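Multiple structures follow.
Shared chain: chain A. Partners: chain B in the first complex, chain C in the second.
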Partner chain A sequence: MAQLSITSITKRFGETPVLKGVSLDVANGEFVSLVGPSGCGKSTLLRIIAGLEAPTTGSVTLGGVDVTATRAADRNLSMVFQSYALYPHLSVGENIAVPLRMRELTGLQRLPVVGGLMPGAKARRQRIASQVSRAAEMLEIGALLDRKPGQLSGGQRQRVALGRALVRNPAAFLLDEPLSNLDAKLRVQTRAEIAELHRTLGATFIYVTHDQVEAMTMSDRIAVMMGGEILQCAAPDIIYEDPDDIRVAEFIGSPKINILPLERSGTGLYLFGRSLEWRVTNAAPEVMQLGLRPEALHLTQHAPRLTGRVAHFENLGSEVFAQIALNDDALRVTLRATPAQRQMLGLGAEVGLGFDTQAAMVFDPDGKRLRKVEAMAGMTSEVA
Partner chain B sequence: MTRDWLKHLILILGAIIVLAPFYMMVSYSFKSPGEIDRGEGGFFGRQEMMIDPRCVALRQPDRADIEAARSQFPGQDDAGVQSALLAETEAACSIRPAVFNYTKAFTEAPLLRYLLNGVIVTVSIFLIQIVVALPAAYALAKLRFWGREAVFGLVLFCLLIPVHAIALPLYIMLAKLGLTNTYAALVVPWTISVFGIFLMRQFFMTVPDDLIDAARMDGMSEFAIVWRVMLPTAIPALLAFAIFSIVAHWNDYFWPRIVVTGNRDLFTPPLGLREFKGDGDGSFFGPMMATATVIVTPLIVAFLIAQRRFIEGITLSGMK
Partner chain C sequence: MAVIDTRAVAHAKPETRQARTAWGLTAPALALMVLILLVPVFVAGVLSFSNYSLGNPGFDWVGAQNYERLFTRSTYEKMFIATFTYVVTVVPISVGLGLGAAMLVHSLGRIGDIYKTIYFLPVMATLLAMAIAWEFMLHPTIGMVNRTLAMACGTWAEAISFFKSGCADGFPLWLGDRDYAIWVVCFIGIWQGFGFNMVLYLAGLTSVHRELYHAAEVDGAKSAWERFRLVTWPALGPTTVFVVTISCIRAFQVFDTIEAFWPQGGGPNKSAYVMMFAIFEKGVQQNLIGIGSAITMLFLIFVMFLTLIQRWLVERRVHYG
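Presenting the complex of A and B:
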């Protein structure tokens, strides 16, 4: 168990920069997810933490010790791979025992027949066997110890990979999209089990995923990565409700956040030419973007801020998502409604939309959050 | 249907062309010289008792034999005794052709010694080839280093060089080192198999990187990864390579003929066949074919045993 911190890590593969100065501190026992679209560098970052890849610049410290130059095996980290990476020729028990055998037995003691005769080997082998069976019990794979990985289902292989990771009692667990090869139902179940495992062990987990649901449900903190940078690293609810960057806002949340063009003329703000009651100073940019989560929108007949036609809707039972075409289909926004409101949402129906001022977010044209503008407009101060 | 029929016909013709020499070899190994010369007797020959002419020639009764045997044949003159003795010798020297051929194969030349040499040479070559090829293939497939593509290009280039083109320089080098007529001369030139490196590299390319990273996380060194992770997963490919390597060097006539000059103790099985080449006293096709049969049998048996996995290895579908 240890505190982990990475400081201004950069990595280039040839001329291509993959990581552009990433810093992250992970507290002891914390569960941090690295989430982002494919190619954002999250796996590379994990491999650098693991020691499988050397950073171009920057450093990795583990429990206060700089391990940037330490080889992977000596960092005492465990990694679970997307493909599980079990040794196909070894049984489940042997697979789990490998890290212990490599660490605790000498080269001579590992020899097949002679090894058992070496002094001290027997006791150590017994200790390893008991650790393996304890890990197997914990993951409920005790009955599978003699099977080969080829004879196991995806979920069972996943557990064996977890077993191999936890048997060595590592300083931190690194998980690289461990659920992406499982079917949807098993994924939900395993998600809960990994979160539970984290609570039981109290160990540091760093979890790489491209699936925002996994990140949202399991983590203490989420680091959203894009283009080789961490855009924001915060607790899931903050990432969702108070994103720093439009890319974070767009990546997290399903259905996606609605982005509408916001224009400033003088001190007034206009949405599709319709004036809003907010007032700002000339310091604000002339063109901005307004972010509205689907649940921030609501149907209203009374002085609607937006009007449009229902283009499509999806009934999920507990909630209804409707796509409303604004301005003759120039832009579509997604609205979350309750099933009771379904009658109002017939296809092609004209509807008026209002939104919660406090839930609206303003971004500059480059996507940076404009908290100052929001404050000026009194969008946040209403609460205070 | 017609297409199938045609396909089978072509395949059968091909099979006949390939199998005909084997058929002749096995058939001749059963027949008497007379039957071979006249081309009769079907596959097995008639297996009539035949007289070994050399055996008779060696035991030709001389003056002393006739004197000593005179008491056994009372009332006969010398010519009578001689012909009686001759008949006895011929009876003692008569033998079934199949037995004759196979006995000759093992007695005329130290065939067992040759077979042993063949095993020593092919197994040494194969083991050293693996020791060289596996780490090389691993490095070429999975490690990133400067010049890797160039090195792999060299490997491919070496595949294009025919053995016969470099035989003379190799021979001269070995001769200068004083290694001709040793096992080393038979083994050393073959220890680096570019084909083996290429084949194993192609197989290793299919092994997921995650597996190697997992091994590194578990604390294995790069060499440990080669021998404890890559080797066990590469068994099918290795078997395919084993067949290529062992067949090539077990059957090789060219190279042993060049570097083994005279010392019969170092003869490999194909060199042993030369012992039966036609001398002045007539052909020895029967024993020669018996020897050939004995030589190829181990290979055929090994192939049949490894057949399934061998084909797996060729198609490189060993993983999953």
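Presenting the complex of A and C:
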């Protein structure tokens, strides 16, 4: 286990830049998720960390040692692949044993029949067998050790891939969308198991996913990547509640954050021509964007800041999401309501919406967070 | 509009109906197989116990005499030696070269296509025409091969005994030398055949999942050999079965090179007298159908035996993913 840091990594495939100067520090034992839409470079970054791809510029250090020029086989990292990449001709037990056999047995000792007769081979083989059975026990796949990968279900294969990764003691675990081939129910279950595994092993995990729920539920920190850059890297609650960039705010959170146009005239701020009580100076841009999470909105009849008509309605049992069409359907906002408020949200019903000032976020037209404006307006207590 | 006898259809049991349809659909293929494959084999089997000649009004049963000859006469001993030398040499080398060439070509990008074409050319070319080109090249005095070898005379290469004796007494006659003839045929067989194996292996290589190589690398397989042992070779198992079987059958069937080089008798001192040529010589040229059929039966048994052994060996070891 070791601290891992990557410094201003760039990568281009031909003329196409994939990573544009990415830096990230991962502490020992930390679980960091790289999350972003497909094509954002997160898998490439993971493969650069693994050593399967060389960065165009920049460096990777592992436990304080620069490993940029070290090949994957010598980096002492474990990786779980999206396709699991199990060797189809080897049994589950043999698959899990491969990393140990490759590292602990010499070429001669690995030979099928003669290998067992080599000096020292027997003891090492026994040690490998016991390590394999321990890993299999941990993942509850002890009964499958003699089967071939082709005879396993997706979930079982995934466990075997995990077993192969954790059978030795690597500096860090790299996981490349390991849950994407599982069905929804199994995904939730395995998610919890991987998080638990991380706690048990206390090892460094780097986890690539496009699924924000996976990232939110498992990680110590989330690095949101887009267009070959890390937009923000922080704890899940900070990523959700205090995003630096409108793209982060939009990517994380389901249903998506509501973005409304905010205008400044003099020192006053206006939302759809309706004056808000906030006051700012002339330093603030004239056009801004207001971000409101669905739970920041609430139904109100007294001096509503927004009015609209219920256009769509989703009842999830424990909560209710309603889409409210503002300004004659020019814009829709999503509102989270309690089941008790259901009868107020009949389709087509006119509703008034208020929002929590503390929970509102202001972004400039390019999407950067304007914390100064928020502070000026008295929306937050602290100045960023 | 077609009228369907619904009552008749309804009366038959579904299983019986299905079985009847199955046999009906198989019948044409079955009939053809029996007619053009099994009947001739059976006829050849029967004739191998006779002294029949084409055109003769009758024939006598000679019992196992034809087979007895096959195992006692020195001509046929030479036939077996030549055939097995050819098969044992050509199969492993052409399979190995095919695999090697396939992996090299596979690792290349665009240029790979050029090599693919070059290596595949001998497969497409008519072997008979190619044999004539080889005959010129291997000509003892004016041939390219011996002239090239002669260029080494007077240099350090003379330290090698082959060049030493070659420069002093002349280089081998190749096709005219009974020590070299079968090896020349083997060489041409390999040259001609490995391109085909390469193409088969190339197809096999495309199906190897790329992530497996990455997994092998992360798992600590440092050398190319280790990755080959761990990923490539097992993945190519089914391809190898096919390639080896096909190569064996093709090697047993070698004929046109021998016919082109030595139309009158299978090489100097019958050193390249392979089975296929013997069948042709006895059965067609000399009209000795009986002995020709006996060689044919033996040929069939060899090929069948080889194929069965391979299947049996391989079915236990090869993983079909």
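Just so it is clear, the second predicted complex is superposed on the first by the 381 of 384 C-alpha atoms of A that agree within 3 Å, B and C clash if a C-alpha of one lies under 4 Å from a C-alpha of the other, contacts with A are read in each partner's own complex, and residues count from 1 in each chain.
The criterion applied here is as follows: a residue touches a chain if its C-beta (ideal position, glycine included) is under 8 Å from a C-beta of that chain, and two chains touch if they have at least 3 such contacts.
None of the values given here were measured: they were computed from a predicted structure.
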item: Chain A as common anchor, with chain B and chain C clashing or fitting; value: clash
item: Contacts of A:81 with chain B and chain C, given as first, second, both or neither; value: both
item: Which superposed partner A:99 touches (first chain B, second chain C, both, neither); value: both
item: First, second, both or neither for A:50, with chain B first and chain C second; value: both
item: Which superposed partner A:262 touches (first chain B, second chain C, both, neither); value: neither
item: Contacts of A:203 with chain B and chain C, given as first, second, both or neither; value: neither
item: Partner chain(s) touched by A:362 [first = chain B, second = chain C, both, neither]; value: neither
item: Residues on chain A lying within both footprints (that of chain B and that of chain C); value: 47, 50, 52, 71-74, 77-79, 81-83, 85-90, 98-99, 102-103, 150, 164
item: Chain A residues touching chain B - in the complex, by the definition given at the top; value: 47, 50, 52, 71-74, 77-79, 81-90, 98-99, 102-103, 150, 164
item: Residues of chain C that touch chain A when the two form their complex; value: 209, 211-212, 214-222, 226, 230-231, 234-235, 237, 319, 321
item: List of chain B residues in touch with chain A within their complex; value: 208, 210-211, 213-220, 224, 229, 232-233, 235, 319-320
item: Of all residues in chain A, those that touch chain C in their complex; value: 47, 50-52, 71-74, 77-79, 81-83, 85-90, 98-99, 102-103, 107, 148, 150, 164
